[in-house]
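Please read through the structure below; I'll follow up with questions.
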Amino acid sequence: MELLLILLIGILYASGIYLLLRRSMVKVLLGIMLMSNGANILIFLLGRITKGKPPVIDEASKIFTDIYADPIPQALILTAIVIGFGLQSFAIVLLKRVYSIINSDDLDDLNTPEEEDI
Amino acid sequence: MSLSLYFNYVILPLLAISITLIFYRLFKGPRVVDRVIALDLLITTGVSIITVYSISMKQSTFLDVAMILALIAFLGTIAFSYYLEKKGND
Amino acid sequence: MVKQFLMNLLLAFIWVALTGVLYFSNFYFGFLLGFFILWLMNRDGEDHRYFNRVPRIISFVLYFVYEMIKANIEVAYGVLSPKFHMQPAIVKYPLHASSDFEVNMLATIISLTPGSLIMDISEDKKVLYIHVMHLKNNDRELFIQKIERVYERRLLEIIR
Amino acid sequence: MLIAVLAGLIISILFIPLGKYFKGRLSVTIALLPIGLFLYFLSFVPQIADGKTFSFHYDWIPSLGVNFDFYLDGLALLFVMLITGIGSLVFLYASPYLKGHKYLDRFYGYLSLFMASMVGLVLSDNVLLLFIFWELTSISSFFLIGFNNEQADSRKSAMIALGITGGGGFLLMAGLVLMGYLSGTYSIQAMLTSAAMLKGHALYGLILFFVFAGAFTKSAQFPFHFWLPGAMKAPTPVSAYLHSATMVKAGVYILARLFPVLGGTDYWTYPLVIVGGFTMLYAAFHSIFRTDLKGVLAYSTIAALGILVFLIGIGTKESLLAASAFVLVHALYKAALFLMTGVIDHETGTRDITRLAGLRKVMMPLAIAGLLAALSSAGLPSTFGFIGKDLIYEATLHTQGIWSMVLTALALITNVLLLYAGFLAGIKPFSGKLPEEYSHVHLPHWLMWAPPLLLGILGLVFGCFPFLIDNSLVNPAARAIANARIDASLKLWHGFNIILLLSGITLFLGTLLYLFRKPTAKGMAELARFDRFSPQTIFAKSALWTQQVATWYSNIMLNGYLRVYLRRIIVFAVLLLGYKLIVGGHIYIDWSKVSSVDIYDVVVLGILIGAIVLTVVTPSRLTAIVAMSVVGYCICLFFVFYSAPDLAITQFTIDTLTVVLFVLVLFRLPPFLNLANKRAKTIDGIVAGSFGIVISLIALQVLNGPVNHEVSEFYGDNAYKLAKGKNVVNVILVDFRGIDTMFEIVVLGIAAIGVYSLLKLRLKPSEKE
Amino acid sequence: MKSTILKTASSYLLPILLLFSVFILLRGHYYPGGGFVGGLVAAIAFVLHSFTHGTENTLKLLRTHPGSLIPVGLGLSTLSMLAPLFSDLPVMTGLWFEEPVPVIGMIGSALFFDLGVYFLVVGIVLTILFTISVYSE
Amino acid sequence: MIDNTIIYPVVAQLVTAIILLFFWGKSYPQRFISILGSLVVLLMSITLFSKVWSGNILIMESANWKPPFGIVFVADVFSSTMVLITSIVAFAVSIYSSVGIGNARQRFGYFPLFHFLMMGLNGAFLTGDIFNLYVFFEVIIISSFVLMTLGGRKTQLEGAVKYMAMNILASTIFLTGIGILYGITGTLNMADLAVKVPLVENRNIIDITAIFFLVGFGIKSAVFPLYYWLPSSYHTPPSAVAAVFGGLLTKVGVYAILRIFTLIFVPNEFMKIVLTVLSVMTIISGGFGALIKRDVRRIFSYLIVCHIGFMIGGIALFTPIALSGVLFYLIHDILVKTNIFLISGLIRNMKGNLNTLKAGGLYARYPKISLVMALVFFSLVGVPPLSGFWPKIYLFEAGFTTHNYFFIAALIIGSFLTLYIMARLWSDVFWKNPSEGDDSLIDHFKDYSRWKQALLVIPICLLAIATLYVGLAAENIVVVVKHIAAEMIDTSPYIDAVLGNK
Amino acid sequence: MIDILIAVLSTIGALSILIAAIGIVRMPDFYLRLSVTVKAATLGSGLLLLSAAIYFPEVAVSTKAFAILFFLVLTAPVAAHMIGRCAYLIKTNLWEGTVRDELKGMYDEKSQKLRSGEEEDQEGSNH
């Protein structure tokens, strides 16, 4: 399974970067999202994966009686997801604002000739 | 054959085939509404997969995830309808 | 008032079910929580009497499940048969139900029944537009009758 | 001593900003400062003459080895007397010269700053302290050259001067730090013990390069000389003081000062002799083509500086003695000429030699001053200049073999030309017939004519009575430079010898030249034809070229296209990572660490990849979002499969909300346009793909390594016992690593504020920024 | 959107979702869930309401601008982070009541922290979404 | 030593920001609270610094968990110095902002955002946990995004889009690095990492991980070829915002590089070569860019890049002397860069324009303020004995020690370009007469009340005095930076303090 | 015994979902796809959830399963209705085999208000 996830990580990063290199701001945003997903899975995988053993202690016991998945990467990813959500929602709104000014989501239309903005 | 194995080797593969088919529709479209219902169905099937998985793994904890999915999945569909209705077409 | 009370009670029950802790205190807490949420909503209450409905509800549910399985088999047949022999149609169904709640319940039930799907309710809430998979012989009257007989009348009995 | 140095700084700090409250009332009083300092340092003369030296130490930055270490020896004393002495005269002179000027007090502020820095420079024993004052002189010079800053060419000259001297400054700094690093001290006196080591060190050449660069730029040696004529834009007292008598000699000073440490080798001698020699010839030649009085003086100053560098380069006792004496000689006559020029300019409004004549009739004292200075510059017997010239010839003649001929010839030619230039400046304006237009001209305030006259007279006095200064100033200075005993007694009369002959030839040829060659604008225009080969042009061109290269480069780098920037960043990362991966080699799969695969894993993965592909290729924005949410939901399933329910929930909820957000935002947007051509897509595909491969390979390598779960086991063991929770992830989030969560929600809060403000805030046009 | 069905559905889904969100919030320490997800679910409840009833009506229902929940939630979390300072403990140290409380279980600063997160998330999501939808209209 | 004092500069900023949020929309009380809050933080930072300076490294184990299990905050001399400088800058900028930032922006959250940003910076300096560092970085970038777009003019948005895209990329790369590091070592505590990373057998993977951090922090600190966002964006926000950005944001990247590359990854030969090349190119790129620009803030933006190169070069040399130089430069640069952007705002107020070709005559009009500005400019150039001069001694010396002549050449070129550019700027903006009849040249400053004028000028003077102190009392700074450099070379006191092996 | 019950229920459930999946691929138009999927999938999920409710002995878990079922039943029809309505509004084509479309022309183009077709009579009678 690890190998498949490695493949997936590579694809997520690659496609994220590919979209990041587009002119459309929406695509850039999607690229960012794909990449952050890639990073999350990378953290998840590199913390080593465990199937079907969530890090939740049983109702009855006070400590783990079985093996359990590493909770730290999960906590890190959670934090990263939440932060990513904050950034992405702001970015999406920025997109809207940009659109309402230049009437397009082509980033090249946003470039201002330097003389204009001095 | 234990129930756990049955779930793992029969039910889950069945559901896996289902989501593959559903995804085929999502991939193919042709219209966005088709994709949206495929997505909706994908999530419903996802709820099922999680349910089955929790039986197969004997971990009821996963049902919590299924619960959240069941509760808020349709918001996405509503949002897409909202979009399409406002926009008029795709 | 009654409806609010019932809604509140329902919420308290859901709470108990969710937490899975069958204590009176838990119920009480759920009730308070529900009250708070309803207070938040502050909707105008409509009077409804909820007495002796339980047996009817149960029989209706059972009947509905039966209908659902039956229809599901039909759908399965429709999906799996190599040739399409559906006769889909959008049919206008004149409503007897009047309140939002009634209409909604009816719509949900019709939607859950395989082979039929609510497209929309008219602005004046007089008709439902229903998409049917098999409008047998293109006979809309028969379909309308069936809906009325099987679902609407029973439902209204329970609710009203 | 510290007070002596800092007094000027303090005065300047008070004067520059607060000047307007003084309103010029104190301008003469302020001259008490240099006069006081002059007298203070005068008191050291007898002791220094006896061979004593004085050290002063005050802590400043001991940890860095930079302290107020002052060292007063003959060399320092010579310079400090010049600085304070001429400074006194200039301070007095400037008072009437700039009378009523709006920024007179500011002017005095800069001047005090300069004087203090110059005093500090020559007194510093610590090379870095020296450098500090060195740079301060450049800065004060910048402000003084640009004093009339409404004029574009004033500003430009100030810029050029600062550019050249500042640039050289940084090189000098590198050199001084290198010396300090190699010898382990920044004290020049302490460095003397390491002199042999430094001269033998592999980096000796580099040190010399740096030091010479600093000295040549400061002392206006070819090819850096051209800032000096430009600096004549400064008010004339400034030219007299900074750009002739003192500051420009800082370069010479540092060469002299470092001579015992670095000097005396071939690497030292050849560059200095060649550059100095060429500079003196070049500048002397150029001086005779000028028609602007200050231009003439500027070039002759450069020539004099060339002579000094030349002499220090030769590095014999004779030459060092000559240099010591010539510093004084030149300062006296050149300052006099400048001050005199200032008066002429001030009174007649012109400095054009071709128009000036007969002024002796209206300002006799000035004419005397001019004459004395010119004669001294010509080296007429009984002037101090004569002694200077003698010493120079003596120095050149005392070199070995063929060199002696060549160098002497060079000196001769230079002297002839300089003589001409001196006459031109000192005699020409006063001789001949007074033009009508200047008949109303009269003698200015006595503070303006007395200083040049005094300087001229001093030249005569020192020339007639050289014993006044030989043992008191010149010998100690030469001694300090050579770090050896020198006891030459300066004499006006050496008897008939070859030196006298040379002096005579110089005088004869120079006078001849003066009599037969008249300065004309035409001559200058002729010379201007060669401007395109001049260092100034070359520097200007290379500056322009640099500017063009910078423009070209910056426009390529910052072309405004985000995707280009991102692509470069990625390529950079891929190159570094890829290089390391390839170098590291040995990529393998450790099957023992790979877990089994279930069919649903594969299916979900397949769908995930399909959804990614759809996101990338779809032309419909909405489809892209649908596909994106499939990506999210599939990842959510993975999280469920691999034991992360909390993650699954969060991922799912957030994905759904993101869809809502997108949908709310997007419905007004036009469809995707196919904006990229195939080539761009291919390149981007390769870049992105290689990054993906790199990441995958890295992940594989990490997985092959061992794993450490010490921390997570601690969490698992203590989640319930100590933190009273059973969902370890949540316990981590609110307890073990609660700080993360705290600030993570701050991020969210900020994002919300941002969204609100971004959409709600509308600036009025009146909001300025 | 003018769908009657959705309108009706959302008015009974709103209380259910809200209830559910509190449920998720309170049990987070023991099961999957917690303040963050709870807050998201609560926010989704209101978002759904606003889809059908319009943002203005939802705002009326809330009685106050959701943005004001941001400082409240942030403040609550910050206070529970800082509370240990008063007993000379490092920040964020869990402080617990001795006895468990029925229904909720152990009550400690972590719960208040999560509660702060809950309010904050509701405030944030609603601020973002309502600002956008008002802007879009 | 366990001490809650460490967290006060972070918490106090947070609390200030939250209180400010309760005063949403009311600009008058916000100004007051902001200045007061900044003052309180400044006092706390001074306390923290003096505690650390007089004693040991302080740590605070958040949630009372021993490292490496909990997130630990560590105040060594380095971090407490950074916090102190940041607090000085924050105090000055918050005074300046009360007038320098328009009412509209103040009502829409400028002050809370500003304090959140400062909180993030202080947190980033103090945290001893690498993932927590990431979180604080995110706090920093999100608040900077918002501050950058606040007002939403087109140029602002243009800058913000580029700024965001590249910074988010940086964060992702940084996060990837953290993930890899966790995968290798299983820990996130920086001291623990410092112990565990050297024990890892596969050195190659450690080098690779280091590259992730290099690229991530390199983008943040605007190193060639990762610097594009900076010149594209820093001229767009209001000057007070640009001041904080210019002074602190790139420096926190440098801080992170210094921290990570001294504590966890010690640069090997390969890394040193890479860093040298980057530094040389950074200096050239920044210097060239500044040379061709005619807008004051664009010039300053490029100069930031140029001078980042000095610091990166110092890190490449990696000797105690070099690190002392870098640290000294860092302290100097924060104060000066902040101030020059504040100055640019003042110039804009005075001239209504920041184009050097149009503006002019400031010296004649406001001689005293101009001279304060000149002092700052000369400090920037490194005119001795002002603050920018001293670190160069160290850098030169370290360059010679390590025979890194490329860096020395770049240092000279960079210094020279800076000198030339600032002199030209002075000549254009201060000396030259302004072009006549240009409508864009309006003096708003003179219309302000005395009180408002003072609020704009005082912070500039305050920072100028701080700069002057750094220059003239360099001994004190030298002692501090030498101490820090020693801590960087020998990290065992840090590790022992955190992990408690005494 | 219980195991067999669970196996049967879950098999039917999974097959229902499979049918829904086949349906969504095979059905010729959007409305039919929608029609097929919602019910079959809801039924299938419902049966699987029932299995889970039986499988896990704890009351809390079983109620959870029922709660999920309840939510699905509550939301799925609404979602289906919304997307179906929206598809019609944006003029998604009906299959050519469709025998009757009484909704045609009933939406007001601008306001998207849906007429019942009966108000004319009323209004007519009022006149």
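Residue numbering begins at 1 within each chain, and the chains themselves are lettered A, B, C, D, E, F and G in the order written.
Everything below uses one rule, namely that contacts are C-beta pairs under 8 Å (C-beta built on N, C-alpha and C of every residue); 3 or more make two chains touch, one makes a residue touch a chain.
In this text, all values refer to a predicted model and were calculated from it rather than measured experimentally.
Asker: Going by the contact rule set out at the top, which chains touch both chain C and chain F?
Answerer: E
Asker: Which chain's centre, taken as the mean of its Cα atoms, is farthest from the centre of chain B?
Answerer: Here the answer is chain D, farthest from chain B.
Asker: Among the chains, which one keeps its Cα centre farthest from the Cα centre of chain E?
Answerer: The most remote chain is D.
Asker: Decide which interface, A-E or B-D, involves more C-beta pairs in contact, and give its chain pair.
Answerer: Most C-beta pairs in contact, of the two: B-D.
Asker: When the centre of a chain is set as the mean of its C-alpha atoms, what distance in Å lies between chain D and chain G?
Answerer: Once rounded, the distance between the two centres reads 79 Å.
Asker: Between chain B and chain G, what distance separates the C-alpha centroids? Give it in angstrom.
Answerer: It comes to 14 Å between the two C-alpha centres.
Asker: Could you give the separation in Å between the centres of chain E and chain F, each centre being the mean of its C-alpha atoms?
Answerer: A distance of 36 Å separates the two centres.
Asker: Which chain C residues reach two or more other chains?
Answerer: 14, 18-19, 21, 107, 118, 120-121, 123, 125
Asker: For chain E, what residues touch not just one other chain but two or more?
Answerer: 1-3, 5-6, 9, 16, 20, 30-33, 36-37, 41, 44, 47, 67, 70, 74, 78, 91-92, 94, 124, 128, 131-132, 135-136
Asker: Quick one: which residues in chain D touch 2 or more of the other chains?
Answerer: In chain D, the residues touching two or more other chains are 560, 562, 566, 641, 645-646, 648-650, 653-654, 656-657, 660-661, 664-668, 695, 699, 702-703, 707, 709, 711-712, 715, 726-727, 729, 733, 735, 737-741, 744-756, 758-760.
Asker: Following the definition at the start, I'd like every touching pair of chains, please.
Answerer: A-B, A-D, A-E, A-F, B-D, B-E, B-G, C-E, C-G, D-E, D-F, E-F, E-G
Asker: Considering only the defined contacts, which chain A positions touch chain F in the complex?
Answerer: Touch residues, chain A against chain F: 20, 25, 28, 32, 35-36, 39, 42-43, 45-48, 72-73, 76, 79-80, 83, 86-87, 90-91, 94, 97-98, 101-102, 107, 110-112, 114, 116-118.
Asker: Give the list of chain C residues in touch with chain G in this complex.
Answerer: Residues 14, 17-22, 68-69, 71-72, 75-76, 78-80, 84, 86-92, 94, 107-108, 111-127, 129, 131, 133, 135, 138, 140.
Asker: Would you tell me which residues of chain E are touching chain C in their complex?
Answerer: My answer: residues 2-5, 7-9, 11-12, 14-16, 18-20, 22-23, 27, 61, 102-103.
Asker: Given the complex with chain E, which residues does chain A contribute to the contact?
Answerer: Residue list for chain A touching chain E: 54, 56, 78, 82, 86, 89, 93, 96.
Asker: What part of chain C is in contact with chain E in the complex they form?
Answerer: Residues of chain C touching chain E: 7, 11, 14-15, 18-19, 21, 23, 25-26, 29-30, 33-34, 37-38, 40-43, 100-101, 103-104, 107, 118, 120-121, 123, 125.
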